[in-house]
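The data blocks that follow each hold one structure.
Two complexes come next, and they have one chain in common, chain A, joined by chain B in the first and chain C in the second.
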Partner chain A sequence: MGTKMNWQRWLMIAPAVVFFAVFALFPMLMAVYYSGLQWNGISSAKWVGLANWGSVFRSGDALHALRLTAEVMVLSWVVQTPISLLVGVFLAGRQRHRAVFGVFYFVPLLFSSVAIGVTWSYILNPNFGLLDALLKSLHIGNGNQNWLGNTHLALLVVTLIIAWQFIPFHSLLYQGGAKQIPDSLYEAATIDGANVWNTFFSITLPQLKYTLITSSVLVLTGSLTYFDLIYVLTDGGPGDATTVLAMDMYKQAFVNQNIGLGSVLAVILAVAGVILSILTLRFTGFSRMESQLEGM
Partner chain B sequence: MLKRPKVVLSAGVTVALTASALVTGCGNASGGSNSSSGASGTSGKSSITIWDIQTGASQKVVQDMSNDFNKSHPDIQSTVQFFENDPYKQKIQIAMGAHNPPDIFTGWGGGVLKSYIDAGDVYDLTSDLKADPSWANRFLPSVMKPVTFDGKIYGVPNDNVQPVMMFYNKQVFQQYHLTPPKTWDDLLNDVKVFKAHGIAPISLGGKDQWPDLMYEEYLVDRIGGPQVFNNVLAGKKNAWSDPAFLKANTMIQQLVNAGAFEQGFSSVSSNQGEDAALLYTGKAAMELMGSWGFATILSDDKSFIDQGNLGFMTFPTVPGGKGNPNDIVGNPSNYYSISNDSKNKKAAVTFLKDAVLNDQNVKEWISIGDVPPVQGIESELKQATYGDYLSFTYDMVKDAPNFQASWDQALPPSEAQELLTDLSKLFLNQMTPQQFSDDMNQHMQS
Partner chain C sequence: MASQVVKTDASVNLRAPRRRRLRWYNVVFTALGVVWLIIAFYPVLYMLMTSLRSQQGYLLGIPWLPSLHPTFENYATVLQAGFVHYFLNSVIVSVCSVALIVGCSLLCAYVVVRSRNRAVRVIFDVFLVGLALPIQAAIIPIYVLITKMGLYDTLLGMILPSVAFGLPLTLLILVNFVRDIPNELYESMGLEGASDFRLLRHLVIPLAMPALISVSIYDFVQAWNNFLFPLVLTQSDSSRVMPMAIVSFQGQYTMNVPVTMAAVILSALPLILAYIFGRRYLLRGMLAGFGK
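Take a look at the complex of A and B:
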């Protein structure tokens, strides 16, 4: 922090600063500017000041989208974090054949979101779908569940599919983190007579604290802007049951040709993302970067 | 919006026609072209660029049209560039904004074209059409509405008509001794019988939302006539509260609550042909779809059509309704318009006049199973493969006092999107007809 800035240092950080300005700062400021325009992207724009902001907060649609986004965020964290943690720790073990398991767990991450969306929409199809046929042959339910077309179910189903896609990635983070934990800690625990649960909660979990934080920030900010899979699976429907903020932003700006309203939502998204990361880092002490291996 | 699948009906005919292309093309070229291009100067060839979105067999028809034109008009070089449907919409929007559009661009008329016209980007064709009555009278009158604003014409049709009609599975109807419904009450009655036998009465691709709109468009026209929606287009206050909307939406929910649509219709996709699959597999009895539904079934299950199992009829009448039962809805056509930034407007007009939907071009469209909106082609259509279907489509358009362009094309984009979302909620019983009208009124004002 107290580093003195001489010209060599300025030169070294110049590329990063330039990239940040061109690809993050400038577009963000432009979005703020656009948010004050009444503009369809074709004809000349008209400056309307805060009118777009007013209409976003007055209309129920944006608030509805905001609520759905919050739901996706919480659900994603609750579903993805425990599973990723367990899978990651399991894969970090030294027993045989785990690498083989690892390959299978890793597969969803290799597919594009569009391919995943199309495949799952086939599986969940209410008339020809695999899942309903399976359930029917097992005599579970009536085999007529409308997974993505039911307004009460669609968002949950979408969130679960997102989890299916991203759990491998987060498992990978936890696997890497768990492999870094020195064996000596576990050896000491064994000598002290700790069982599997004690070791997990007293050694593995605390040692993975920063991995957990990194992964959580990624889950939370990622679900804030999640778009492509939802676009393919439901296109925001049925009705507007899965129109999250990012979907609403896309529709306002590019389908409705209302760049101003879309930009308002973009600014809200950006600000929410920044606040979210700052809060997570603050409350978890990540920024202080304390060592977890003191005395080792 | 609408998906436009294309299928080659008879490739053999196309080959034969291409062989004769040169002769016919030359015959058509006499007249206006030489004089108009002469005015653009003696400095040599003027070149024009056309942006289009046709694919497959249709793309070949357009390419042939351009090639023939270049042969018969040595002083003009036309070049067609083809784009994917959805990226095209953004590409043309950006090109217009940057004042760097092609000379001729394709579109669907309606609200989107209007926004370009308002920005001063589109050339007014009215005086050119007036100067040549034979050109102006080439087209069926009902398809010119989407490119006509305040009495001025900004485009000419360039491909085929796509009215919305009711397809049905003849086998299933025979099996339960039912006749295709002529009136709304017939429809409700058939729905009851099919439902009782475990067959989905009507197949609906509700995930894509635009199939919902077809019911709304037809019912509102049947009940209140074209004026009801024209009031909306004209921006009249509380136009969405017209009793016709309330009644149509009540009838839609009546249909939904009677179980008329298949299980899980809100996640069935028409873009992926799932609704058509229900029809030709006998899981559903009827499907309200644009005329491209025929091509979808033809490519997915040709034998279903060849065995004569596919029936088609007009949308049922509504007793006591004000609308003419011959009115239709759908996509009147795609249209070519000339951009105001074009440096070769005269050459572009010549192209529209001499190449687009000339005799040869019309023959080629028919040969791939399309129905161009051109006067006096009844006998040609009858002789073509699947002539009964093509003639049915043509007569629907020719006899229609009003051909309502799909509302989501006619309305400004944001209102169209709100309409589709609200309709989808109406079909899910998440919204009452009264709430629908109130919400749409509110969106029209803002």
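Take a look at the complex of A and C:
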């Protein structure tokens, strides 16, 4: 069989193409169209052109959502990257107890965002939650801090829970990367009398450059779409303190039944996703990756 | 894995004496490791401990310690509240999604690798752009489309868009894997006049098996945990899947936290079992080719 297409081969790619075209590409294009409609999803729609776009950018809500999304992005990177890096390098060590630790470190990966969100909402509950009970017994604070109900704290707390959920995944990435660093590099450093910091900054970190880039991009693109956890934890509240872009989109479209406004936000999400993803391809060469599964 | 096995004599000699000496920084690292162990694992332990408490024990007992009288009554409550039904719904949605995603992707990946056709190349590039599209960005039209197709509140209505959004990454991973199969192997079989389907069955599938297993695991986890599709595309009991079931248990048993925690633990059962019996495969699958 050569490299020419024939009807059988067209038939082979057809299912994938049809699925993708009908349930991903077509909806995406429709989102652009819907963004020009005044429509509640039931009665007949009215074409209003760019009016929705105008009102999105005039109202402070969308800009507020954009700013929160950016905050979550930055904060997520700042919290997740150093911890994941250190945990991953720690786990890549040969000591037996580290392997045992690893078994427990990865357990949060087994739970869905919803499961994690529900659990943390109980841990942080101001009336009967674990955290306040603990703090009270240690005589720290007044023992009834409302972690998720506090406008100033909510976004930070949500971001920390997101970090709790995703750090295991990223430390898994770093562990894989760190295990591939050749022993000979460390031996040479030991002979040269390098101490543990020198070794980390002049060998481990540079060798993990590509892992660092991959992980960072995943954190950034991921932060764009955090929704499940926020939905369960705060539902965007208190007020709009945790109404990030994806949450705002959901609320406009499915709670306020304003399909047009929701679609404007959806298009903004898509554009941001594509931009971030182009950066991914540019910096990680992800589309050309080879034998990525080795070295686990 | 390989780097662990390959160990030169020199490294053994160098490391052996070093390991015996207790370095201050290794003590610090282990201490920090224990701190992280508590942060990462204690909440999970809390889930488990709470799920084994009675409602009264939860309100009166010391919350951070395990109950002195563990009980399975919460699990019984959850199982009697339709849990098995929701669990099976999740199994159906996840298994069907994975089968369709991996099947379609494998066929498509084979053609992408084996043909030098311009149109196929463009199609592949479009799939790559699809990697960038967040589900959230398309959810509104998907809702309208599924409703118009009469599939609102059905399992099929969740499966179809899940397949579409699972395809890009799966396809990309399989293309990279199929591409690594040496051309000579195709040629030697092709000379015997083997058809595409024979090549797929006897060459590609056996060689790509590790990748197929990994992407299947990845896609399964995604489908199992997906929340947005069931949230938007279903409403009734009959089509309720695991994540929605947790939310509804939480609403239904507002004050009965142990019951909800039992539901949370049971909802992760397939992954917990996979972790116990095939940790390496599960973790590799979760990385889905992002590793390295």
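Some notes on this structure:
We adopt the following convention: the second predicted complex is superposed on the first by the 250 of 296 C-alpha atoms of A that agree within 3 Å, B and C clash if a C-alpha of one lies under 4 Å from a C-alpha of the other, contacts with A are read in each partner's own complex, and residues count from 1 in each chain.
One rule holds in what follows: a contact is a pair of C-beta atoms (placed from the backbone, for glycine too) under 8 Å apart; a residue touches a chain by one contact, two chains touch by 3 or more.
What you see is a predicted model; the values in this text were computed from it and never measured.
When the shared chain is aligned, chain B comes close enough to touch A:Leu124, but chain C does not.
By the touch criterion stated above, A:Lys251 is placed in contact with chain B alone, chain C being left untouched. Of the two partner chains placed around the shared chain by superposition, chain B is the only one that A:Asn144 touches, whereas chain C remains out of contact. In the superposition on chain A, contact of A:Gln207 is made with neither chain B nor chain C. Shared-chain residue A:Ser216: touches no atom of chain B or chain C. In the overlay built on the shared chain, the residue A:Glu187 is in contact with chain C alone; chain B does not reach it.
Using the contact criterion defined above for the overlaid structures, shared-chain residue A:Gly41 touches chain B and also reaches chain C. Of the two partner chains, chain B is the only one that A:Thr234 touches; chain C does not reach it. In the superposition on chain A, A:Val22 makes contact with chain C only, not with chain B. Counting the residues of chain A touched by each of chain B and chain C gives the higher count for C.
Residues 41, 128, 254 of chain A contact both chain B in one complex and chain C in the other. Partner chain A is touched in their complex by these residues of chain C: 1-4, 7-8, 10-11, 14-15, 18-19, 23, 25-26, 29-30, 32-33, 36-37, 39-41, 43-44, 46-47, 50, 58-59, 63-64, 100, 103-105, 107-108, 110-112, 114-117, 119-120, 123, 126-145, 160-161, 163-165, 167-168, 171-173, 176-177, 179-180, 186, 190, 194-196, 199, 210-211, 214, 224-225, 227-228, 231-232, 242-243, 246-247, 250, 257, 260-261, 264, 267-268, 271-272, 275, 279-280, 283-284, 286-287, 289-292. By the touch rule above, chain B contacts chain A in their complex via residues 90, 93, 96-97, 115-116, 118-119, 121, 206-209, 262-269, 274, 277-278, 283, 412-414, 417, 421, 424-425, 428, 430-431, 446. Only residues 1-5, 8-9, 12-13, 15-17, 19-20, 22-28, 30-31, 34, 41, 83, 86-87, 90, 94-95, 97-98, 101, 103-115, 118-120, 122-123, 128-130, 133-134, 164, 167-169, 172-173, 176-177, 179-184, 187, 190, 196, 210-211, 214, 218, 221, 224-225, 227-228, 231-232, 246, 249-250, 253-254, 259, 262-263, 266-267, 269-270, 273-274, 276-278, 281, 286-296 of chain A touch chain C when the two sit together in their complex.
Contact residues of chain A toward chain B in the complex are 40-44, 55, 121, 124-128, 144, 146-151, 154, 234-240, 243, 251-252, 254-258.
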